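Some notes on the structure that comes next.
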Amino acid sequence: MAQATTHHGQQMLQAHPQRSAFDERALLDCLEACLDCAQTCVSCADACSAEADPKMLAKCIRLNNDCADLCGVTVRILMRRTASDPSVVRATVEACAIACAACAAECEHHGEHMEHCRICAEVCRGCAEACGRLGSAKATA
Amino acid sequence: MAQATTHHGQQMLQAHPQRSAFDERALLDCLEACLDCAQTCVSCADACSAEADPKMLAKCIRLNNDCADLCGVTVRILMRRTASDPSVVRATVEACAIACAACAAECEHHGEHMEHCRICAEVCRGCAEACGRLGSAKATA
Amino acid sequence: MAQATTHHGQQMLQAHPQRSAFDERALLDCLEACLDCAQTCVSCADACSAEADPKMLAKCIRLNNDCADLCGVTVRILMRRTASDPSVVRATVEACAIACAACAAECEHHGEHMEHCRICAEVCRGCAEACGRLGSAKATA
Amino acid sequence: MAQATTHHGQQMLQAHPQRSAFDERALLDCLEACLDCAQTCVSCADACSAEADPKMLAKCIRLNNDCADLCGVTVRILMRRTASDPSVVRATVEACAIACAACAAECEHHGEHMEHCRICAEVCRGCAEACGRLGSAKATA
């Protein structure tokens, strides 16, 4: 069971003096997905290196690391609302979606044997979709 | 009202082939607090720069940025369980606690006038405490 | 005068058991440019907030922060050579190029009055170009 | 042979409207060392996972990752000069020194067999020393 936690992302976005050009629901969903995916991928990379045969997980470790880095940056860029440059935001979210989809595909190969890869595949898949929805959401400004 | 979200941090830590030397409850609390605080501080720094008089918020912006960076790294280091070096973990958590306490103190000065600083002060204070509890928790290994 | 320093990026890439799919010269140039640009943008954002009128620099601070984050991630992804996914690398480098170009354009508006913006504009412009050259370099694999 | 490159860290620090409380020479040396060490450790972790037997390098990968993260944050915090909180800076530099020393010690075990670990051990050792010198430098303010 996944834990239910309380985060202040939404409150902070509402307290910000500026609004974003993106659909708020899509933005919040993407933010939450990236936040979850960043930590999940850090953990999966680390767990892979502690498995009995990390050699066969080299590609998984690599994609986990790239995906964690891109999700982390996407969270930071989405949390900012001051003078957003939509082309920067869109390119970041797109790079993140590509990394999440690649990482999901690789983790799925190992999900039957390793629970951390099974969870990570699911989280990455969800994050790729949330990034895709934000990317295709009509900007309101 | 803060949002309730579902994160996979705890599930991932349980799926990891290794256990940590730290008390699990204190570790999870610290992890959640740092995750929340990292995004909150990124947002507060950005919101401060969009206020009518950002000049008087320069110290707040600076501490928000340092705190966001340290919380982000602390999340990554706490999510890893493979061959943890307790002295590295402790020093990181301690640096994070110091940054959170400094940022909380500064944000409290502005909390009456700016909602993002009020929330951020609260989140930073809670994170400083969670880091403190993890730091003082007796390592079980 | 810019400082001449000694970094081990090239040595490390040569010591790596795997080769990359990218042109080595373009990759190293991009890596160096991103490393330089990441720290330059962190500094410019911070310097802007300490100026007499940071209000007029809000867009500059925002773009500096986004650019610093993307350059930092690009360095990390380019330093990795294990099982590289070219689509992830390309999308990251492209997002970085877009952020660098946007940040350069904004810093150029302030370069006459602030030396840190003048330098930062130059560094960002060079980094956008290095990212562009890597993006258009024919992958050898 | 390590490459000689041109970075703008020193120029940017000089263009900043504020001075730091730390000895400038010690600060610049530490900054350069951390910048180099961050990328070196990202590379070493990645190279280790591509070796024939990554299982025996699990501790090395872990320490490389922690060290890369802490060096990266230390660069960002040292590049900022606005309203520096000396206790935050010191605690960060100290955590970084501890991670660098631990990573150097582990990489030294593998340096005879792997060139990337040999270089990384040397870079980490130098960074631990540069952090130590900054930590013990008398603050001028």
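Letters A, B, C and D mark the chains as written, and numbering starts fresh at 1 in each.
Keep this in mind: contacts are C-beta pairs under 8 Å (C-beta built on N, C-alpha and C of every residue); 3 or more make two chains touch, one makes a residue touch a chain.
Bear in mind the structure is a predicted one, so any value in this text is a computation, not a measurement.
Undergrad: Looking at A-B and A-C, which one has the bigger number of contacting C-beta pairs?
TA: A-B
Undergrad: What's the chain with its C-alpha centre farthest out from chain D?
TA: Looking at centroid distances, A is the chain farthest away.
Undergrad: Could you state the distance in Å from the CA-based centre of chain B to that of chain C?
TA: Distance between chain centres, rounded to whole Å: 27 Å.
Undergrad: Please report how many Å separate the Cα centroid of chain A from that of chain C, as a whole number.
TA: Roughly 22 Å, centre to centre.
Undergrad: Which residues belonging to chain B are in contact with no fewer than two other chains?
TA: 46, 49-50, 58, 61-62, 65, 72, 76, 80, 82-83
Undergrad: Can you tell me which positions in chain B touch chain D when the two form their complex?
TA: Those in contact with chain D are residues 58-59, 61-63, 65-66, 69-70, 72-73, 76-77, 80, 82-85, 87-88, 91-92, 94-95, 98-99, 102.
Undergrad: Which chain A residues qualify as touching chain D in the complex?
TA: Touch list, chain A to chain D: 46, 49-50, 52-55, 58, 61-62, 65.
Undergrad: Provide the residue numbers of chain D that touch chain C in the complex, in ascending order.
TA: 1-13, 15-18, 28, 31-32, 35-36, 38-40, 42-44, 46-47, 49-51, 68, 72, 75-76, 79-83, 114-116, 119-120, 123
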